[in-house]
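Heads up, the next two complexes both have chain A, just with different partners, chain B and then chain C.
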Partner chain A sequence: MRALRLAVLSAGALLVLFPFVFMISTSLKPQSEVFSAGLQLVPANWAALENYTKAFTRIPMLRVLGNGVLVCGLIVVFQIVFALPAAYAMAKLRFRGREALFALVLLGLLVPIHAISIPLYAAARWSGLLNTLAVLIVPFTLSVFAIFLFRQYVKAIPDDLILAARSDGLSEGAIVWRLLLPNAWPAASAFAVFSVVAHWNDLYWPLIAISKTHLATPPLGLLFFRSAEVGDDYGALMAATVVITAPLVLFFLFAQRLFIDGMTMTGLKG
Partner chain B sequence: MTTPALELRGIGKSFGKTRVLEGVELAAAQGEFVALVGPSGCGKSTLLRIAAGLETPDEGSVHLADTDVTAMRAADRDVAMVFQSYALYPHLTARQNMALPLFMRRLSTAERLPLAGLLPGVRARMAAIGAEVATAAEVLRITPLLDRKPAQMSGGQRQRVALGRALVRHPRAFLMDEPLSNLDAALRVHMRGEIVELHRRAGVVTLYVTHDQEEALGMADRIAVMLGGRILQCDAPGVVYRDPAHIDVASFIGSPRINILEAIAGGGLARVGGIALAELPGVADGVAVRLGIRPEDLRLHDHAGAGRLAAQVVRREYLGAEVHAHLRLAVDGTALVARLSPAANEALGAGALFVSADPAHILTFNAEGHRLRLPVHRPEPALVR
Partner chain C sequence: MSANLAARLRRAEARAAWRLAGPAAALMLLLLLLPTLAVLALSFTDAELGASDISFLGLDAYADLLTDRTFRGALRNTALYVLMVAPASILLGLGLALLIEAELAGRALFRSVYFLPVVSLIVAMASVWQYLMHPTFGPINLLLRMLGFAGVNWLGSSDNVLVALALIGIWQSTGFNMVLFLAGLTAIDRTLYAAAEIDGARSAWERFRLVTWPMLGPTTLFVLTISVINAVKVFETVATLTQGGPAKASETLLWVIYQEGFVYLHIGAASAMAVVFIVLLLVVLLIQTRVLDRRVHYT
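What follows is the complex of A and B.
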């Protein structure tokens, strides 16, 4: 039984990992070997240095990676800063229209970015934000998914805890940042993983809003890299792909524990 | 009369269409321990939250000494609340839990920033807070727990830390919402004494909500009995027990419950099945009244006599120091409980017996449940509605 389970999981893992292995393998090969017949994972002639040098020099790769870190980091910070107070209000405060507001949040979950990209583009153009890093951040600062996720989490926090905080002299703001944030940390870090992965990999919106190489995020940088310089130099292209994928893999390995904690999180015990 | 330390005037509150509090008046003096007792759903917790500023009353006002605090936020009222669920901050250690209310009060927002502790003035105040926490921890004997988080403590330990968090602030009032209900029986009894001791030491007015009438009787200077959103009576434990103003108060306070007998007025006497038990001057013949007799006031006899009612023993409950005899009245089948000493129980025959009570110990109530007082009784105690 255990062996069967292991076999099935291994097969699945191989299937998922194979493209990555192929990507790394190709990034090490010279142009001549890429199209050779037969599946040869270890190159006969190594072209790693050449390919990776191209990846870092043909476009400002470090700048592009830096853009990705900056954009993803600021997005996730703003998302939490905006969503947690909203989630608190919707979970614990009584006010007229709370249910209607929450219905709007749920409705917001159903609207994909593609549906509103033209109005967003128009707004960005009108405000002069096109071709700035700001345009990559601002539209994503308010995440209805984060509000939804945090609301579920805040709802599980006992009311007494919030009442105790109020009588201990905490303002509503202090309740959010001193009480809810530390206790919603598993949810916040799980959300951060989702958010960073989504925005690091996003090509759609940067492609619309950015046309300058030095402002590109990693996937857009890859696109510039392909069209501008290397054409069908797949070795170099795969090297560039490895370079932009690696930070995400490292981030996941680092945050894996948090990610799993966040996914399996249960109610808070007082 | 001096101004009460805590006063609730004409408090009314509804949740939607449900009326939970109706014209509640309560005044407590400095250093007084007042228990709010009543069955669940009687509005006692809501009243406490209104006093704390965690709920807003629809009508009425809340006063701390001579300040009207009705419109003041809970954070500014300087009253400390203790919860049944302890409500400790799970991410903070016991020490941090106790220090947080002091930090919030004594340091400005800027001074609470992480690096502000490097400023000399702030550092001195933080050290003072640390010392006060240590002192409070010593009083509660929780010093060894100070660096643990709530999850690493037992229920009793958590409740001590929660008490410490209230104590360390030197608040103007303690408000406790069933603080002992989550503890096991032995610990609960022990903690009663500790809370009374802490209250005495702090000398601050305390409102203590409980559904456990024994807790209220044993701890409080005065008991406010709440039912259906009103305070039916607020008096010293002895008065509430011996001299209840309402049949519901008489029924709620005391275990086993007071015996209630249906009686009819006749010739100035209350009669059960024709037998006169208590005086009832000024009540017209034929009016239904109710008589309350505490289990310890029932006398059992093995032969008939004046003022004795025939009864059957249903079962006996042996409790060590006392025996509860469960009886059924022959005349109308009313169930009664008599509290007997084991010796009296031994002397009792197995068959039919007769019950009576000293008329002075029989409480008379009208059909609405209000107490009917004989003119010879002591003057009516000041009732708080």
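What follows is the complex of A and C.
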């Protein structure tokens, strides 16, 4: 029974890893071997240097990766900065308009960016933001999902804790950043993982808003790389996919608990 | 406390609340509510980007959409894609979670391996799959030929292209479903299994049927909802690999909305499609809420 279980799990793992193995193997091969010796994993003649040189030079690869890091990083910072105070107000304070705000949050949970990209594009064009890094960030500065998630977390924090902080003379802003943020840290880090994975992968909005290679994020950069390619140069393409996949995968391998717990928490709440 | 003071305190609390929530509220208005209303308004027109005259079509805009062959094809393709990806990735995710849960050795390793596709850039992995599925020198067909089967034209044939995209989608999302099921499994009270055994549930299957499956109900419902919504949103693989082809066989909902709005610049028609897209998502979420309300909770 146990042997069978291990056998099934191992076979499945091999299937999952199959694309990664061939991605790395092919990134080391010269063109001729890609066509002739497809199942040979170790190349007879190495072409790693040529392939990876092409990966870094055919498009400004480091710039593209940097764009991705900058855009995803700023998005997640803005999202938390705007969402946590709002979540606190909606969870713990009484004010007129609270229900209307919550209705907006629910609307936001329903409507994805894809559905409202036309007016957002028109607004970006009108304000001259097309083909800037700002256009990749501004539409995502507010995450209703973050408000939703943090609101549940803040609700669970005892009122006494907040009252005590207030009588200690903490301002409402200080309560958010010095009391709630440390308490909501599991939710914040889970949300950060979710947000980074989502925006690192997003192709739809960058494809609409960016047409210049040096402003591309990784997914769009790879599309530019593919269209700059002549013929079936799979060696160079696979080298580019290795380079572009590596950052998030390495991040995941070093912080597995954070990733899996984060995706689980946000997945089940979302 | 006098009534006056109480009223003053309430006003102070409301002011503080709006200072905290104000920026988020303003952004929700600008980035969410106004664009949504704009899409709704545009959906009743024949607006085109760059054209100066707009005429109001009203519900005719939606009637046109329902007879539009491209749109109907996209709905059909998206539905087929969802029907392949959601059940397969859920069943595989559940199966893997059960196997990993029962296995002590190598648990963390297996979990990480299966999760790897979730954190891999979709556009990049789509490119890898394109190579793997290449009709002549792709490793998949080489393996098939070695085993004596005929090679398959995966992405280049209108009969196979949706299946090929679905295989990539299943590969991508199974690990995510697996970790959600693993979280659901660890939340099940161990004593229930002992109780079931005393009540005569001897086989593993009986224990699964009597304890695991009902206790996993809420998790399964969430996984189903997320899987369906994510599959409906398929775009990256289509944009990277097939551009909707061959012969429109892989045109999906988001792909045609993108084409209509940003390539042909028919923003009226694209908006109507976007509204249908939102309504479809709403239906999925309403079904989820209804099932959730009706379902017997065991906890």
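Keep in mind that, in the parts below, the second predicted complex is superposed on the first by the 239 of 270 C-alpha atoms of A that agree within 3 Å, B and C clash if a C-alpha of one lies under 4 Å from a C-alpha of the other, contacts with A are read in each partner's own complex, and residues count from 1 in each chain.
Quick note on the criterion: a residue touches a chain if its C-beta (ideal position, glycine included) is under 8 Å from a C-beta of that chain, and two chains touch if they have at least 3 such contacts.
Not measured: the values here are computed from a predicted model.
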First (chain B), second (chain C), both or neither touched by A:134: neither
Touching partner for A:163 - first (chain B), second (chain C), both, neither: first
Contact breadth on chain A, by residue count: chain C or chain B: C
Partner chain in contact with A:182 - chain B first, chain C second, else both or neither: first
Touching partner for A:174 - first (chain B), second (chain C), both, neither: first
Contact residues common to both interfaces of chain A (with chain B and with chain C): 268, 270
List of chain B residues in touch with chain A within their complex: 49, 52-54, 73-77, 79-81, 83-91, 100-101, 104-105, 150-151, 158, 165, 169, 175
In the complex with chain B, residue positions of chain A that touch it: 158, 160-161, 163-171, 174, 178-179, 182-183, 185, 268-270
Parts of chain A lying in touch with chain C, wherever the complex brings them together: 2, 5-6, 8-9, 12-13, 15-20, 22-23, 26, 34-36, 38-39, 82-83, 85-86, 88-90, 93-98, 101, 104-105, 107-108, 110-112, 114-123, 138-139, 141-142, 144, 147, 172-173, 176, 197, 200-201, 203-204, 207-208, 218-219, 222-223, 226, 232, 234, 237-238, 240-241, 244-245, 248-249, 251-253, 256, 259-260, 263-264, 267-268, 270
Residue ranges of chain C in contact with chain A within the complex: 10, 13-14, 16-21, 23-25, 27-29, 31-36, 38-39, 42, 49, 96, 99-100, 102-103, 105-106, 108, 110-125, 127-129, 131-132, 134, 137-139, 142-143, 146, 171, 174-176, 179-180, 182-183, 219, 222, 226, 233, 235-236, 239-240, 254, 257-258, 261-262, 267, 270-271, 274-275, 277-278, 281-282, 285
